[in-house]
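Chain nomenclature is as follows: A, B, C, D, E and F, assigned in order of appearance, with residue numbering initiated at 1 for each chain independently.
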Amino acid sequence: MLVEALPYIHELRGRTIVVKYGGSAIAGGDPAGTLASFATDVVLLRAVGVRPVVVHGGGPQIGELMGRLGKVPEFRDGLRVTDAETLEIARMVLVGKVNRELVTAINAHGHLAIGLSGEDAGLLTASPRHPELGFVGDVGSVDADLLRRLVAEDLVPVVATIGSDGQGQAYNINADTAAGALAAALGAHKLVYLTDVEGIRSERDDPSSLLSRLDPDGLDRLVVAGAVAGGMVPKAAACVQAVRAGVGAAHVIDGRSEHALLLELLSDEGVGTMVSLR
Amino acid sequence: MLVEALPYIHELRGRTIVVKYGGSAIAGGDPAGTLASFATDVVLLRAVGVRPVVVHGGGPQIGELMGRLGKVPEFRDGLRVTDAETLEIARMVLVGKVNRELVTAINAHGHLAIGLSGEDAGLLTASPRHPELGFVGDVGSVDADLLRRLVAEDLVPVVATIGSDGQGQAYNINADTAAGALAAALGAHKLVYLTDVEGIRSERDDPSSLLSRLDPDGLDRLVVAGAVAGGMVPKAAACVQAVRAGVGAAHVIDGRSEHALLLELLSDEGVGTMVSLR
Amino acid sequence: MLVEALPYIHELRGRTIVVKYGGSAIAGGDPAGTLASFATDVVLLRAVGVRPVVVHGGGPQIGELMGRLGKVPEFRDGLRVTDAETLEIARMVLVGKVNRELVTAINAHGHLAIGLSGEDAGLLTASPRHPELGFVGDVGSVDADLLRRLVAEDLVPVVATIGSDGQGQAYNINADTAAGALAAALGAHKLVYLTDVEGIRSERDDPSSLLSRLDPDGLDRLVVAGAVAGGMVPKAAACVQAVRAGVGAAHVIDGRSEHALLLELLSDEGVGTMVSLR
Amino acid sequence: MLVEALPYIHELRGRTIVVKYGGSAIAGGDPAGTLASFATDVVLLRAVGVRPVVVHGGGPQIGELMGRLGKVPEFRDGLRVTDAETLEIARMVLVGKVNRELVTAINAHGHLAIGLSGEDAGLLTASPRHPELGFVGDVGSVDADLLRRLVAEDLVPVVATIGSDGQGQAYNINADTAAGALAAALGAHKLVYLTDVEGIRSERDDPSSLLSRLDPDGLDRLVVAGAVAGGMVPKAAACVQAVRAGVGAAHVIDGRSEHALLLELLSDEGVGTMVSLR
Amino acid sequence: MLVEALPYIHELRGRTIVVKYGGSAIAGGDPAGTLASFATDVVLLRAVGVRPVVVHGGGPQIGELMGRLGKVPEFRDGLRVTDAETLEIARMVLVGKVNRELVTAINAHGHLAIGLSGEDAGLLTASPRHPELGFVGDVGSVDADLLRRLVAEDLVPVVATIGSDGQGQAYNINADTAAGALAAALGAHKLVYLTDVEGIRSERDDPSSLLSRLDPDGLDRLVVAGAVAGGMVPKAAACVQAVRAGVGAAHVIDGRSEHALLLELLSDEGVGTMVSLR
Amino acid sequence: MLVEALPYIHELRGRTIVVKYGGSAIAGGDPAGTLASFATDVVLLRAVGVRPVVVHGGGPQIGELMGRLGKVPEFRDGLRVTDAETLEIARMVLVGKVNRELVTAINAHGHLAIGLSGEDAGLLTASPRHPELGFVGDVGSVDADLLRRLVAEDLVPVVATIGSDGQGQAYNINADTAAGALAAALGAHKLVYLTDVEGIRSERDDPSSLLSRLDPDGLDRLVVAGAVAGGMVPKAAACVQAVRAGVGAAHVIDGRSEHALLLELLSDEGVGTMVSLR
């Protein structure tokens, strides 16, 4: 109950929290209603004085529209090869569909959320990752000024991670990576990944090896050892970088249960894995 | 030259100007480069202290994606019947494609533009126009607070005219109508429509009947008399309403020539038609 | 749980709530710990953005020190006859003891509370109620400027209701009455009396006649009819005046149960009696 | 006359001056009217743009109430042994009586003064000086934020020097010591002790050895040599520490003559002893 | 002494006082040192929180330079006929000599004064009084914005009363009249004329008929009756208009005695004549 | 046209530009209208967000009035020997005539300009250059606070370069030198000298040796070599000092052609000589 939350509210009041919400959670129309539950959590955090910034991806939704348009996805080392047409599709889906669904879910509680693309006001600049990948971008610089003003005005920014180079060419940036870069640039208090796993394990296939806390060096070692793999790799790298850049803590939690974000941040029931110094 | 522009700069300094940019101008990839010319004009206005707000549509681009997805457009009284799927396509195209192209063109000059949908922070609420039209919306209320703050921070908002009702349902709103409502809510100094005609005529088919100036009553009469028709009707209605609501003047000009916006606002070479009281 | 509180937090955010805390609750050293529970409630309200102002009395504590000093209290119509020595004792007890205990309890959570007397910065001016009562005062004017600045700085003012006339003479003002006057002057959203009864009854001796809601006229009628009596009379009068002066609602609730204030304000479990228009 | 004061006003304008006013001056009802004279001086300083902060003690008044309550004071090394009951009495007297008298005297000129205890908003934290002394406190930390805001709002804070430890336990702090700590924390321009002696002497019993100016090292030597003794020792220590911490000058003057404070600060007639670097 | 000044300081604090200083007082090099005394008064008023605005003339000095340049002054109805050359001389003398002497005298006390002409930032616009008088101007509009900002920044504006019409033509405006117009536009608390007479008399030649107080109607009657004559007529008219426009009081005092301004405003020794409602 | 100016406007927006306007350009009544052209340029710069500060001299005009008053000018090493009477004449002419003409020309476009002397608010303090030169001053300190506030309020300060020592004695300061000192104190972006030559030459008498760009060391060498001489020497010294003190660039351009200032600053047609690091 509320009284239990008080010390957490005191700690988080006025702090910026970057939350990465995975696109897969809401692909297929969100039959389980987890989007509404997530939106309520975000609004509640804001109501008690926390400053949430939401970052999202949308891989499944991009793949779905590509399929409808008869475009065959091509992957290299797990990364989508992104030609100009794929990029245009990705941008439409991320900015014009997934982003909108998150904004709408939050705004059911008031005039609170504003959707952004990394292209807006120079938020995210990008450079090409590898010539063979096309318009897949690495994060260049982050101009967090606009975000800071928006959260200071009590708005909740929802960010699609399309970046732009100096010449106006757009790039699709991995949302996990971008979330970490934004958290670092904002000097965020926390960076939270809502995923569909329970957290980080020390043994890849052993559920009982779930770690509740580790430091960046420990996480680096797990990546090198191969205990962290697949989609968790960019998350792990972003956690390590963000914490080393001054973010207080990075959390990887299971977003599939109701109000997971709220329970993690405002109650004694911490779940998942926390990465922090010491 | 600049000296000629001085009195206009004095008049417009610190004033908000809402500019409606038609989607058709940039359909098909903008081979003529009018988008870059338009973006330069917008940036220059901002540089001399004017506060531009850009509103845009994107009908041709919506039609194009519908076609690629095998969806047959259906019109009733010239309005697109918009079922849930059509709305999703319209939203993706307007917010995720056309809006992005405008933002990108302006941001070639710096970290200046920010793309918005009417759904952001309650900017535009909508109600259904007619049951048979599906998710075609009329403008309900306008919350111009966010726009005011953004222009005060020297940013150029670029608005896609998707509105939202109280329950989170999106609607596609006619961009001409929405531009007028935004101008009225902002207490804008001017509302400018960049079109592909030379202005408003007193005789529909007589180019020599082009009117350089008229008042809202006169424009009303032209609509009733049928001299104004087709896509010009919602523009005319929006001009009349905006001017009656306190907007200083509404302009309908030909956006096809280079730097049309600049010439209209900052030089003696006024073109097109101006609607204002007396 | 927190999610249930969300709509209440939205409603109360940024609003001022005047809470009258009775001295009797904490006479005798507060063995039951209700002071700590009350302080937690106040701090939590502030944490979620509410602006609480606490007003308190201290009749039992005044009587206790008078007894130790060999001073025999004298009452006329239920009001303590207050000679110069009694006034000095009352002021010492209210400002130097009860007020301090409240400030201390709240400040266990941080640097949050500031104790005030009505004499500070002209907060409460007083005039004598009746020559035979000595330094018993009626509220003259209220200068709420200081309170407004303190709450705007996120501090919790705790007010002892000693007033001052123009010449520097102090008066003891009934705390229930003063709480209502402060709520009215602040344009408070709510005025809450924490008492040791369950609320207001339509039949004085019939617990089943507890009223959950009534309007100022109805409450006036109950006073005239004698259903409201004793210490509830000044509370009732203050509720009526405050609501008529624009305070959103006045609540009379039972402060003896844990977290009564929080449950009343932030959950669906409203208790006690609410007085409001309509 | 005023013209003589002009250079002093120029120097002091906008500066904070901490003035320690001894409780003994106003014990017994202030028959000589020195309180009103002192209050006028404070108000005049504020009127010409100085920012006075008043700190006070109240030993005689505490002793008097203890006597009336049949409590026998016990001293060890000149310090009052302070059990829980004594502390409660001291707090009532300081916060609820002496502080009130000062606030009232100043507020005879307007809504100017606000009474504070060191417990308010964490102003003074305390730690026990010695187990045998009970609740006699040393100054821990000073949070001068609140004071700064109050003086910036043109209010005159009047501070009773009760401090609080982290757990809400109150302590009685020597007012001379606390005044110095507050002056240092505020970065005050001057610290002034109004006493009942003429200043500091180089020979304890030789009136002709009155010093008009000395530096902290010199004062330290006098303390070691025993020329400074009794109640002057904490004042001397506070002067030394405050000046070393950056306070411009510390003054020990005779508060028994009319408008002593004003004459010291705003005229060529400096009296008493000034401690400053060089 | 200062204590006597306290209630006056309280009354005048933060208030704007327009003081007209006659040029004749300082013609011939100010052998008596009245300029330094006046400057001290102005600086002291500012030091205690008053906001003085100084307005000055300079007739004798204009005449003197005209004489040196061999120009014969010509008067019509007591007003100097002002051709283009005379205007240029007047402007040089007022703005470049008398104004400078006042600024310099005040700035001997710090970086306090700033000299202005009515031409600066549109402070005073003028229209010709009569074709035969040439560039003698009546006050058109007053733009007191700049003055307000300067006094809010604690500067002392010193105004030479040259006005300008819309086309950039300068006019010499009577300083008495301009002082009244400025006082009215500023919503000044007081307007003070420092003259070389003792005040206004009810009988022109009877020193014993000096009036200490009268209202605008009474002053109007004296002008009509001829008791007020010569250079006092524009002063009287300006007093009447200023008081009717909301200025609290207008004073005509004898500026020849030392610190006349200070004594009038900050002590019980009011001298001269005060014009106010009731 | 405007579009060409855009990158320059972007660069200069919000920047302070100090422009030295020579008195000789407008001696004799400005028959060629260059003053109006200059004023338009200044107003246009301000309109596009630049913050111009104008500094001027007036040697010919001083000489002319001296002549009319029968005063024979005396020069030593090209500097006017300035006795008390000459200083008074110089001050009248600079502050009361030349300054006024500039203010008036600018204010033909609105309430924009405010005339200042270096004596105002301590803007320029001066010390005597050489006993034999009398009241010819070197720049002592610059208090640019007032200028900063005025330009921040969108006003255009026009500065006559009379300085004052601590005792209120005025001095005539070379306007070229003062302009450089003001630019340095303001941290100006540019310092521009409008002269009657085309720029700086590497060979004194060879027009084809005009330099378009050089650095401070190079300019120093030209002075030493004698290629720079006469009135250009103080300009050159001021350019060198200002650029070394952090001013972005110093320009010496020909002010005789129309809109020279505007062309230099806002178009690709740079003229004259630019001095900057590297």
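As a convention for this text, a residue touches a chain if its C-beta (ideal position, glycine included) is under 8 Å from a C-beta of that chain, and two chains touch if they have at least 3 such contacts.
The shown structure was predicted, so the numbers you read here are calculated from the model rather than taken from an experiment.
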Third chains touching both chain F and chain E: none
Far-end chain from chain F, centres as C-alpha averages: C
Rounded Å distance, chain D centre to chain E centre (Cα mean): 47
Distance from the mean Cα position of chain E to that of chain C, given in whole angstrom: 56
Numbers and ranges of chain D residues touching at least 2 other chains: 110
Pairwise touch network: line, ring, star, complete, or other: ring
Cyclic ordering of chains (reference chain C, direction chain D): C, D, E, F, B, A
Chain F-touching residues of chain E, taken from the complex the two chains share: 68-69, 88, 91-97, 99-100, 103-105, 107-108, 110-117, 119-122, 143, 145-146, 149, 153, 155, 162, 164, 167-168, 170
Chain F - residues contacting chain B, complex: 1-3, 5-6, 9-10, 13, 40, 43-44, 47-49, 109-110, 259, 262, 266
